[in-house]
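First the structure, which I've put down as structure tokens, then a few questions once you've had a look.
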Amino acid sequence: MVKGRVIGRLWSTKRIDTLPQGALLDVELENGTHLVAFDPLGCGDGEQVLVTQGSVAAAFFENVKAPVDALIVGSIDEQD
Amino acid sequence: MVKGRVIGRLWSTKRIDTLPQGALLDVELENGTHLVAFDPLGCGDGEQVLVTQGSVAAAFFENVKAPVDALIVGSIDEQD
Amino acid sequence: MVKGRVIGRLWSTKRIDTLPQGALLDVELENGTHLVAFDPLGCGDGEQVLVTQGSVAAAFFENVKAPVDALIVGSIDEQD
Amino acid sequence: MVKGRVIGRLWSTKRIDTLPQGALLDVELENGTHLVAFDPLGCGDGEQVLVTQGSVAAAFFENVKAPVDALIVGSIDEQD
Amino acid sequence: MVKGRVIGRLWSTKRIDTLPQGALLDVELENGTHLVAFDPLGCGDGEQVLVTQGSVAAAFFENVKAPVDALIVGSIDEQD
């Protein structure tokens, strides 16, 4: 997984049918790159999150054909 | 997923049979790198799009052996 | 696999249900980038570890839908 | 997919049995990095090609255990 | 696949049970980065090898849950 910070939300009206309904968040990773992750947890701007990528992200959805390759799996509490 | 901007289209006549018919778009990502994504949505030059990569991109197609590792899943409306 | 060094641990209380219980370690790779890996071995800070990424990391778990894309598969003894 | 240019061919006599027979081409990508892709199309040096990566590349082969993670899926005609 | 050069071997005594027994080699890629690949071919230091990554690497093993994401599939003879 990778750590990132939520910096915004995207909307997409023109989309393929199998893209699940729900929040698509713009996440800035530690190295400065960005990715767009599906958020099932209701995270807000500035929140530190943990993102899983690849086919295991898609496995979260009922529809096994959900075209989602990045999923927020947790909000980060603290780190020691 | 990653955000990108459509900058052109590719044609490939000499191709393997399992490569699906349809638009193959040249997409420039935020970090300046390029990828070629299958476009089921009819996106045009300059359009901001959301691209899913890896095996979940291939799952979009009827043919489970479609060799497509990048799929445009949506056109981006706006961002806050 | 990639080699890395454990530099800390993360906690996530607000998380999706399918994220397995267990240690999530912050690992610094040789190239300076970081990733967060699930640790089934009880590794400690400073320990050199071997990390497997992608869907094969998720295959470790009983729950085939575990959204884990990075797994510590070993602690490194020595190298020649 | 990614665009690249064929710059040579590799031979490997000492190889695992499940690596399919056929051309293994050295491909230079747009960003200057190289990858080695299986070529079912008979592409030559200097040819611009489209390469698919990951598990969907392996799905091309009869043997579902073919250890191929990069496949030339087309030769690029032109671009607008 | 990617080309690399074997630069050493790793040992891991503290490891998960599903990590296959066999050589884990430190491989330096053309771009200077390193990865650790499972070697079924008995390659030695300095040998030029071809490495496959991701889930197709794991498919090599009898145990479908082998957590191996990088596999040496061949030793490189020569290149033109």
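The chains carry the letters A, B, C, D and E, assigned in the order they are written, with residues numbered from 1 in each.
FYI, a residue touches a chain if its C-beta (ideal position, glycine included) is under 8 Å from a C-beta of that chain, and two chains touch if they have at least 3 such contacts.
Computed from a predicted model, the values in this text were never measured in an experiment.
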| item | value |
| --- | --- |
| Least step count from chain A to chain E, where 1 means the two chains touch | 2 |
| Neighbouring chains shared between chain A and chain B, ordered by label | none |
| Chain C-chain D separation of Cα centroids, rounded to whole Å | 31 |
| Interchain centroid distance [CA atoms averaged], chain D/chain E, Å | 19 |
| Where chain A touches two or more other chains at once, by residue number | 54-55, 57 |
| Chain-level touch network, classified as line, ring, star, complete or other | ring |
| Chain ring listed from chain B, with chain D in second place | B, D, E, C, A |
| Complex contacts: residues of chain E adjacent to chain D | 1-3, 30-31, 40-41, 50, 52-57, 59-60, 71, 73-80 |
| List of chain D residues in touch with chain E within their complex | 8-16, 18-19, 24, 26, 33-37, 54-55, 57-58, 64-70 |
